[in-house]
């Protein structure tokens, strides 16, 4: 089974973190193909970056699908471009936020997402609500830029731990969800340190992708995710115009 | 007061319909500047088109703001790119869906949105939910492609009227919201024909834009809509990279 | 365009504050007609006062409509008597709470209402819920009697500012809604001081009234807001009995 | 134990229906005191009538409390004036809608309210939502004026039965709530005819009033239901001004 | 009228507390029959204990119904086995949590449940949500084992009082609901001490049981609570197999 | 990896259907151990059967965990005993309803569950709500007894197909969830026939169990799922008493 994992930002070092987490989660027989978006922001922090990450992300999914990938994972906790990807692709597509929240709900009745910066608090809260977990999950912000997670001297991990402590004390959290793909390498150590389940979305999404492929399931195409109807696109995005079916 | 109204699809004839509705709604002293996106889809039908409409839309808002527009209206019922636009712009930005639902709530306790095609049913339902009207508003689909609204021989208007009849009978709707910018020219006639308020989002959004400018209100910038932090964007979207503040 | 703004309490000095805010918000060509209820409480603090403010309020709206007003604003943050007014009047009627929350939602993803006293906390929370903003808006109480807002020596403004500080810190509010018509004169100065949008409902409602009139929209009359059926009213309220249509 | 049951409309024949239902429900040792409002509408159909029923209703509760009643029931399915009454009175006050929905929830997982006319559909739906039963209860309209319930030749009962049939078939209702005080005398016969629990709010509210008095419970007075603060009321409602505590 | 009150744990001293509260609440003419479950846990703390309390509980209700009881009360705040009991019994069955929340909603717009231990926080929150009170009620944990409530030297009451203080200060609670049957004897004294309504579920449920019996209401049997269809049960639970109707 | 799949009813032929579906879904290297409950009902239809299925189910999970199973699946669509199992076990436990709804949400924006009989409609609706899918999923009833699914001559499959047709037409469903473990063998054929994703919970839950084990995740034990505190259980259930930790 071949699963494409797309980092929708353009920072290759972050792709390596994501790829390692994906490989660690993959079943025997699952090949992980990691891709980095070739256009758009170096990190996705808030709604504006998110919008410009979508074309590059969709290009990678299109290329991956053409190359034989059987499922795709979008490795940004905003679930960037997920709905568009589901419309475009015939293979199933999974976001790491939805996957992480889903797994958390199987090991905890109440849990807390710790995300990076204030710009992401509300977008993540909106996802929590949209996915149906508003009564069960809280969102906290560690106050760290995404790329600081790659810098051991940034103090980012300490601030993340501080919020985990508060989540356990004040939110009565029974599990922690890491709210950024760039935190994927921290899950195991944090789980050992705090003694509660700590869920990374990249691994979670790889397992969901495997599940869908194994079960022969892919996106239903008769409603919101119907393939886009054929039409011209103007300007530099013309190459993305949906072809006639 | 100068208000920019952006048609985020690239069909200029639709921009003319939108511009006329905006002008009809504008107060004395309000100048409407209509713009058509220069890149992306000729019509926005579902999540995929929506994603590719955002860069062109944001380019127009950026240009408009630089040129002195005091508020911007996004004239697509999906409220395409609204969150990104609010992050980018310092002027207020209004979506026609949120504006139409808001005005409908002032003239009706229950109302129905009639939108174009099945691809848009769920996206509009999600907006209705996100904006807080899930208990008050239903969504119906007329089954007409967006551009058919511009073709008198398409039967689109008849199908739209059929759904309005059903909304009044089955949903107990007290008002109708037209769920596509391309229907803007139909509101007045439909209101006369059916004897209930019929709300077009373009006019509604122009009035909200005037309201915000008059009252000196613009987007709050300390949370979800903080300006994007400075960073490079790769590839053909590089021109959109947020500058240092 | 003539817009009636009714202060549903009987304190004329508060009407002057309201009238000034309404005039400041009105477009060129909009005439504001301010009215003070002739019967009922001197201030509306909680459910009991609210009930007794309704007849006087409706009398003013009836008189205003007969005199040619094209829309009416109810200038109390409880949206006192709004549903009854919509049933009675053929002109559109706007409450300052619904108008303020609506505008706030266009400039902020999360916001906080600061209202006067404990008696009003739950009524305002119920309106926030009813209008669909429960996931986006919090309610805080400054602990000031309504009429203390008119007394510079009362310390009311300082207490209001204290709650705004807490809203920004603890609620992550991106905008503030002033939860009492008597605070209408404070919005501009508070917005300058705190650097976030501060929304006064009186100005907000005037703009919504202008919007509805401009767009030819008024209350739909086939459901909850159908005109009251003709019937006798007994006792001192007999003059309010709905006439035969 | 003395329980006051107030008919907030001014139709004495309806009071007799209500009184009979209250007496039939009362425990041994409970004295029912039925009162008819002396001012306001002859029937309460929609928001406008409701507003004008409140002063007369509150006058009866005030008089009843002064005369020694230990609890009050408001016998209109809109729960007219309930919040104001709870603020004013020191004795507990129960609405027939809240009482009926509460009892229905103890005998059915899903149930339907059948109310009188279109004007009442949305007000009742709003109560169902406010009381927390939106996921469990539907509202249907029989299309009968309130006073037609007193006229055997009106066909009202047949229309009511028609809606009960539809509720059982289409809503999967396991119980029926009668959505008007004027239907109180029909509950027993309908329950026999349809073989499902049929709940009348008048009897339900009498039992809740007995429960609160027996258990020594009355309205909590530290928040929304704090006694109104002393202040003058102007005009013909001056007699209702809250006295100094 | 004969009402069965079942303590679904096997601790007879707690049954005595429950029985006394039930007797104190019962109307003249109501006979309270208290029963203690003969199998299962000595106290119910969390989901596991709850599951094993159900067979013993249902055995007591079956025996009680056969013996002529006209209604049954389940005296554990988790409303243990309530849905199963409603399916099995033809007499009405009331849980003390649902009864307490219902009565609280008649005397307070906002209230707080104080329950025993962390294991019960989420189960009680889920009941609050299921019964429709999520917007009005908060849940607090006193940190006391259930059986410590019977031990004057345990400090349990002091911890309970501490949470009541916090509920009044931080939750703006207008009433308190005692979240454990073992607290039934404390309600009156706590109400005197704190000056707010304090609701014990045992008394509340007895009154609801009386209400249903008086009004001739019992569980509707055409949906979720249809009698279990006849089938064999294997093993030591075989005696519970539903008989042919 | 060893995964225990428990059929909580006592019908071994149904266990074989479940086991086959589990095996078909399992990854290479996953050993499926199917168990049939030794006590309780032959089929679980509604709340009463559910209650008596729990002890036998928990006995199997306890035995399986002691024998080295690394995760457990509860193969009944009511997610029978799930919370109790999570409290008891240290291995992760998955219900087939929660697993199926989760996977459905990754391939469809709107979907419909088709379950067996009226007794199960509301329990399944309650699960849909509790798991956060109330806005996205509808529940339909095929009107077939559980064990009829094993009888080719019963017409059960035809009735199931009839409801799928209605779900696609009336609910705008983009995917179908099979609402009974006994339907596990039908998913693939129905998916081919209807051309939409058809999700069986048994396969879905096996994949979730694999995911949790692979990622080193198990139930968080500091809140609702803390191990039951040690205490005696009386009577025939004494063997289930939680031991001292």
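To keep things simple, chains are lettered A, B, C, D, E and F as they appear, and every chain counts its residues starting from 1.
Everything below uses one rule, namely that a residue touches a chain if its C-beta (ideal position, glycine included) is under 8 Å from a C-beta of that chain, and two chains touch if they have at least 3 such contacts.
No experiment lies behind these values; they were computed from the predicted model shown.
*Asks:* Among the remaining chains, which ones contact both chain A and chain C?
*Replies:* B, E
*Asks:* What rotation angle superposes the Cα atoms of chain B onto chain E, in degrees to the nearest 5?
*Replies:* 180
*Asks:* Is the contact between copies chain D and chain E built from the same residues on both sides or from different ones, judged by whether over half of the numbers are shared?
*Replies:* At the contact between chain D and chain E, which are copies of one sequence, the residues are largely the same (over half shared).
*Asks:* What's the distance between the Cα centroids of chain C and chain D, rounded to whole Å?
*Replies:* Roughly 29 Å, centre to centre.
*Asks:* Roughly how far is chain C from chain F, going centre to centre by Cα mean, in whole Å?
*Replies:* 52
*Asks:* Just curious, how far off is chain E from chain C if you go by their C-alpha centres, in Å?
*Replies:* 43
*Asks:* Where in chain E do residues touch two or more of the other chains?
*Replies:* Touching at least two other chains: 83, 109-110, 118, 121-122, 134-135, 172, 222-225.
*Asks:* When you check every pair of chains, which ones turn out to touch?
*Replies:* A-B, A-C, A-E, A-F, B-C, B-D, B-F, C-D, C-E, D-E, D-F, E-F
*Asks:* Under the stated contact criterion, what part of chain D meets chain F in this complex?
*Replies:* 109-110, 135, 172
*Asks:* Considering the complex alone, what residue numbers of chain C touch chain D?
*Replies:* By the definition above, chain C touches chain D via 10, 37-43, 45-52, 54-56, 58, 81, 83-84, 86-88, 118-119, 121-123, 126, 130, 145, 222-229, 231-238, 240-242.
*Asks:* For a test of understanding, state which residues of chain D touch chain E in their complex under the given definition.
*Replies:* 25, 27-29, 83, 92, 94, 98-99, 102-103, 105-111, 131-136, 168, 172, 174-175, 188, 191, 196-197, 199-200, 203-204, 207-208, 210-212, 214-225
*Asks:* Give the list of chain E residues in touch with chain A in this complex.
*Replies:* These residues of chain E touch chain A: 118, 121-122, 129, 134.
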